Amino acid sequence: TDLEVIHWWTSKGESAAVSQFAKAFDNDGHGDRWVDSAIALGETARSTVMQRVLGGDPPGAAQFNPGRQYEELISGGKLLDLTDVATAGKWDEVIRPKAIGSACLVDGHWWCVPVNIHSNYWAWYSKPVFEKAGVPEPKNLADFIAAAPKIKEAGLIPFAIGGDGNGWQIQLLFQDMVTEALGVAQRDKMYTTKSAEIAGGPEMKGVFTQLRTLKQFTDNGYANRNWNDTTNLVITGKAGLQVMGDWARGEFAAAGMTGVKDFGCMIGLNEAKPVVSTDGDIILFFKQGNADVEAAQKRLAALLISPEVQVAFNNAKGSMPVRGDVDMSTADPCMQKSLKAVEDPANIVTATNRFITENTNQQLNELVAQFFADDSMTADDATAKFATIIGSSD
Amino acid sequence: MTAGQITAIQPVQEAPDQAGVAPFGPKPRRISAGRIGIYAFLVVAALFFLIPVYIMIVTSLKGMPEIRLGHLFNLPGEPTFQPWADAWRHACTGRDCNGLSPGFYNSVKITLPSVFISIICASINGYALTFWPYKGANLLFGLLVFGAFVPYQVVIYPLIIGLSSVGLFASLPGIIIVHTIFGMPILTLLFRNFYAAIPVELFKAARVDGAGFWRIFFHIMLPMSVPITVVAVILQVTGIWNDFLFGVVFAGRANWPMTVQLNNIVNTTTGVREYNVNMAATILTAAVPLLIYFISGRWFVRGIAAGAVKG
Amino acid sequence: MAQNGTSVSIQDLSLSFGVVTVLQTLNLDVAEGEFIVLLGPSGCGKSTLLNCIAGLLDVSEGRIFIKGKNVTWEEPKDRGIGMVFQSYALYPQMTVEKNLSFGLRVAGTAKDEIAKRIARAAEILQIEPLLQRKPAALSGGQRQRVAIGRALVRDVDVFLFDEPLSNLDAKLRAELRVEIKLLHRKLQNTMIYVTHDQIEAMTLADRIAVMKGGIIQQLDAPQTIYNRPVNRFVAGFLGSPAMNFIDGQLENVDGGWRFVADALKIPLGTYDFAGLPTPGPAVFGIRPEHVSLNSGAGWPFSTAANVEVVEPMGSDTLVWLKLAQQNFSVRVTSERTPENDEAVTVGFDPMRASLFDSATGNRI
Amino acid sequence: MAQNGTSVSIQDLSLSFGVVTVLQTLNLDVAEGEFIVLLGPSGCGKSTLLNCIAGLLDVSEGRIFIKGKNVTWEEPKDRGIGMVFQSYALYPQMTVEKNLSFGLRVAGTAKDEIAKRIARAAEILQIEPLLQRKPAALSGGQRQRVAIGRALVRDVDVFLFDEPLSNLDAKLRAELRVEIKLLHRKLQNTMIYVTHDQIEAMTLADRIAVMKGGIIQQLDAPQTIYNRPVNRFVAGFLGSPAMNFIDGQLENVDGGWRFVADALKIPLGTYDFAGLPTPGPAVFGIRPEHVSLNSGAGWPFSTAANVEVVEPMGSDTLVWLKLAQQNFSVRVTSERTPENDEAVTVGFDPMRASLFDSATGNRI
Amino acid sequence: MQKSWRRRFHLPAVIGTIPMILVAVGVFVIGIGFSVLWSFTSSKLFPTYDFVGLAQYRRLWADNRWLVSVNNIWFFGLMSITCNMVFGYLLAVFMDQRIRQEDLFRSIFLYPFAMSLIVTGLVWQWALDPNLGLQEALRNWGWSSFSFAPLVSAETALYALVVAGIWQGSGVTMAILLAGLRGIDEDIWKAARVDGIPTWRTHMSIVAPMMKGAFATAFVLQCVSVVRVYDLVIAMTGGGPGIATSMPAVYVIQLITVRQNVGQGMAAATMMLLPVLVVLAFSGILLWRRNRLREAGA
């Protein structure tokens, strides 16, 4: 049975990873075939899926990010219920941490398959840059801010960031800083209760102030830079440090660098308090009204989470598998750090997207990006606006 | 005959001749400052217009290491055509690593009928509005012009619902219909203006000859519409060939045009960006409309003169 | 000419574009084989009337009969009419032959029948050598003939011409005028011909309909219209150089009528009044060629004047002078041309004049 | 007219567009205050010559003098010329006043001086009430006057007119012709006037230059050109209805010359030969108005013929017949109109005829 | 009058324009009608019919980004239309001077129109990038103090968009105006020369005002592309830095697709259509009145 899968895994590494899924599915012995529909850019791919759903021609499966992007698909009855597959595969046992599973487990039913874990909570830095500037490698954000002026004196860019795509890189940095400043519990409380009080509190103001400080250490080419160009600055030793998710590791690897001598990674913004976020990718299956196809969909769902496929996929992709019972010993030092951290539930940070709608998310993007771009906006203003957005979100 | 001889023959009427050379014959072609200014302006303007295409070509001929150096304007140190080959045959979009080539045929498949049908529709509209206006026809035309200002995305949802209710969503006919719809306002405007400039006697003569609506259109009007059709073809080919938004939603996966692959090659966010391949891919994708432009640019201005200037 | 029965009959025809009424309850009967010319200034509704007859415009009121059949709502092709346009309206992308055969092909006429008719038309119009050319490769006169040919092959009862000669230069116009006249003689069809050139109207027409503002002012034989115009408009519109008009008063002195303007007093003893005259403001009109200069006595009326401008026109000369302080022209043959400022005697016979009511403009 | 000295002098002027030579070593001297008309068929180079004089085209060879000054390379505005175009070329978005004053304002003329000049021009041309209107709100004749006014305010020496009347209808054309004539009389400027309408040429010109193929064929007073055309082209081009031509032979019989065509034998005893004639093929030309119909004897030559077509033209009638199997027209006054097919006698005086060499077309 | 009716509504004409009727009514009236309808609902990912009155409009006008977008479109529209017209006119004027290689120049000026902005926008972004483009190139060639990075600051990014817009659109403007210029009666030029009016003055005071038709066409096309401006912004600035270059069309699409807030997106779209509707209605009334007046005067 042919099954069309829409995803935005279009880069070389990603397509190698997705090929693992496809290969497994094509060879599952039921004559299934993975029909690959790659559309670059998550938002383009997602809106295509939505429009296809609206047009009554949904794909068999589609990549999404855990969060609230597909809430309406569930409530609208557009998705295939995978509960029987999950029960058979004991998903609630094998998937760890729990937070990653809960993205798919809504009202006791499984609506999607998580396939990997990506953590946003990383900072990557260039060892040669810190060496050249004569400052020690940072252990946390405060270290870095202290060292930054020296790096600047050395004629290098202390802090690398990019402003493309509505400022999502800045927002990612910002969310990391929020977690760091509020602590996991307080942060979760703010997002779950939509607490304008916490959102407008002094810690948040501190975050904005620190963000403005970081801005001083960027270059003026940041405006439209995309994340891999940003990473490239660190790789080529033009910039000191970048805050970016774990997928950046692929860039370093592609440039032939190792985590031992060329670059350093800081898990969370504070090595003392390692955190792992439960971002990642999930696969949604759409109701097709055809028993054969639905059987194939379920076969694919089961396959995606099977140990062999998980290892093959995540090794190719550079992400963490969603189950702990697989062997990832070949992973590099940075990955090892997170594999270790993920074992402790206390280190787990739920993805921001899970709390806020895409609407709120974009508003936050804009607020942060605007604050970052516009030096005339005060931290007080920004904090107040932040509080308004959180307070009025749904 | 020289100026000197003439002066000898006609001394009487010679005005006091300051410069020593009597004005005679053609005015000496001074290379005037104005002329130089004109060319200077045009050349500078042309350079401005050529900047992006220069960057694209130069970049497409460089290897990735050279591109990482970041010298955008430098000529390639070691020119290579590999990026072009990659873009056409090997670049990956998702699992498939076949470059742009598969989408090319889909683009042709979409563009040809869409251009043809949209132009036929628009020319019939223009013709009917000019020669057979019925009550309310001009109101319809006004609505159509209004439609020209509507951002496409605003009507995309109703269109999806409408097309899927007649079972044409995600199919070749579907995408052709969509292109026809969105080409209609401007094309109809062009054709209407064009036909309005045709002497109405021609139409009357054909009616007296007994020809009806369709025969007049196909035998008399259409053969005369070449100039404006050229303009319409250029507009539509560029518009449809470059379209991504509609193609990806309305064409259905089997018919995805080249721009979907181009988007996948160019807009990949994770992983290394191969700018040289991107540029080669872009130039390859734009090749068809560009070719049409260069072939028919001369008629373009002429056709515009026939369809756009009046009214 | 075979004038048996009515060919085209228009009854109470009105036509409006929105609020503008172009034609007003117009009536016109055209006899079979007659050559009618519609003459009038630009915008008077000539083309509109022709288009109504052809069925290219929908009438607002009234009826149109062709050959006794009510065709008011018929399609143009079913009316048995052929039309020739000012711009010829030849189909530019077709050869002459295709142009001629288009109508027949539309009607589904048999191939050999088409060939026969084209051959006949081409022979009549002497355009055989042009059949394979496109209109762009034809001269004005040749295009004109092809346009006529298009009507000819369709064997129609009524030919409609809408200013078919106005695009041509004077020389060609004169030639084609004669050709059309001969064609009419040969074919004996009914022809309705629109023009605003009065020479064309005078030379071609059996009867002329002079129009103004959508109303037929006078419908009569050319000579009648020329010599006895029913109103001042018709009088002024026909004739080149134009009729002289003098504003003045109609007076009855001792039982005899006379026209008085300033010091000018013209006795109207020989004038043929259209009805019973009443004294009052009137306009006296006389054509320049009906006035004689320095030809001594023998004229019922003569007066002295000074020459102002002399316009030699080749065959004749137009002499401008002032009568009762109003411009007055006299046409003289080239030999007897006076000088500027010369004093001359002007003489004419009021019998050849026309008198109009100043207010209504109607002939008195 | 004040013809003292030369106003415009053109010497050996040639002009080519690429490989096409439009004007060939053309010479023309225009006296001061003279009214010269350039007459010729379409495409003969009239406008081109005018544009050269105006400085709007660069000449290929030759020189142009205006008022004795060599202006071959001067800018148009420095030549002391004003030009009136066929399309008038009024600036559509400016009022009449702005149209008149624009050139002056650009030249930086003082405000009150501008006002004075406009007032004067407006008075001369009687366009005072129109000063605040835009060209679109003017009639053809009024536009014409504004276009002249534009030259008038600039106080130029030479007026150039390029077919200023061809866009108008016949009636208006006739009126404006007289106005231009009067204006010339009033202003006494040199005027060079292009037309292809011979009536205009005849009525307006002091001298007419008949052009063909970029060469001036004849430059003479209108009557001379009309009565003694130097070649067949000039003869045929002037006159409406056109001169009759009969192809035949010039023969010398018993020391007397005669023209023979078919059975037609015309004795040329009264003909004024241009040079020494030689026998051979020739063309005999005579104007329709110089032929008389049925006027009995008294003519040096007369013959019998059958009427073919009668064309009444209002004031006169044109009678077409065949002489030596060739078309021949006779102009008669309306009263004595023959019927179709009537047998008539044709009579004329060969003194009024023109004879041309068949090969060269030159007058014999 | 049965026959009269049939002749007035010529059946084939109606049949032939069925596509137009369907598009005009089906798409532009009904489609837009639905869009307006949804703007009064709480639609999120998919359109629903859960009416919430004017709530979406209130949220819209409270949204800073929308306000910025509205400001931007006026500024951008004014700037880009003016510059486009001026530059296009200059190009047309110079192209009209019987220059050599007219075909070549014309092709160069027109080709941007054939290219998809999604990519050429990226190239422009590079060229203006301080580390890659012009600034870097000139610094490498020795002008080390040269500073040119328009996309980086909120104040100048809009200007950069205008420049790219000119690059893309002025060729077509040039073509239209060139056609217009060539349609001007040659006698007008001659008359102006005889009057001694300098060429630039002739252009300014006489010729340009005569080209109303061509200007109008170019203007309409420009307006259409300004109202719809999306690709350009996305490709060059993505609406940034911050939200400095956001435009209404970008905003609408963001809301519908990324933010999954169809209701508010449709509210924004409705707001966008409003001025267009007003202008069209206004010009329609003007036209109708002018016809009326002309008819009455005739």
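A few remarks follow.
We call the chains A, B, C, D and E, going by the order they appear; numbering starts again at 1 in every chain.
Here, contacts are C-beta pairs under 8 Å (C-beta built on N, C-alpha and C of every residue); 3 or more make two chains touch, one makes a residue touch a chain.
Worth saying up front: this structure is predicted, and the values here are computed from it rather than measured.
Annotation of chain A and chain E: jointly contacted by B, touch as defined at the top. Counting C-beta pairs in contact, the chain pair with the largest number is B-E. Set against the Cα centre of chain D, the chain with the most distant centre is A. Of all chains, the one whose mean C-alpha position sits at the greatest distance from that of chain C is A.
For this pair, chain C with chain D, the centres built from the Cα atoms lie 27 Å apart.
Each chain gets a centre from the mean of its Cα atoms; for chain C and chain E, those two points are 54 Å apart. In terms of their C-alpha centroids, the spacing between chain A and chain C amounts to 90 Å. Between the Cα centres of chain A and chain D there is a gap of 91 Å. The residues of chain B that reach two or more other chains are 157, 263, 266, listed in rising order.
Counting only residues that touch two or more partner chains, chain A has 44, 54, 165. Each of residues 8, 131-132, 256-257 in chain E touches at least two other chains. Listing the residues of chain E that touch chain B in their complex gives 8-10, 12-14, 16-17, 19-21, 23-32, 34-35, 38, 47, 87, 90-91, 94-95, 97, 99, 103, 105-116, 118-120, 122-124, 126-127, 131-134, 136-137, 140, 167, 171, 175-176, 178-180, 182-183, 211, 213-214, 217, 220-221, 223-224, 227-228, 230, 249, 252-253, 256-257, 262, 266, 269, 272-273, 276-277, 280, 284.
The touching residues of chain D, when paired with chain B in their complex, are 6, 9, 11-12, 58-63, 65, 68-74. Here chain B touches chain E in the complex through residues 35, 38-39, 41-42, 45-46, 48-53, 55-56, 70-74, 121, 124-125, 127-129, 132, 134-135, 137, 140-155, 157-159, 162, 180-181, 184, 186, 188, 212-214, 217, 234, 238, 242, 244, 259, 262-263, 266, 278-279, 282, 285-286, 289-290, 292-294, 297-298, 300-302, 304-305, 308-311, going by the rule given at the top. Chain A contributes residues 43-44, 46-47, 50, 53-54, 69, 71-73, 76, 163-167, 219-224, 357-359, 361-363, 366, 369-374, 385 to its touches with chain E in the complex.
Interface residues of chain A, counted against chain B in their complex, comprise 4, 7-15, 18-19, 22, 34-42, 44, 48, 51-52, 54-57, 59, 165, 226-229, 232, 236, 247, 250-251, 254.
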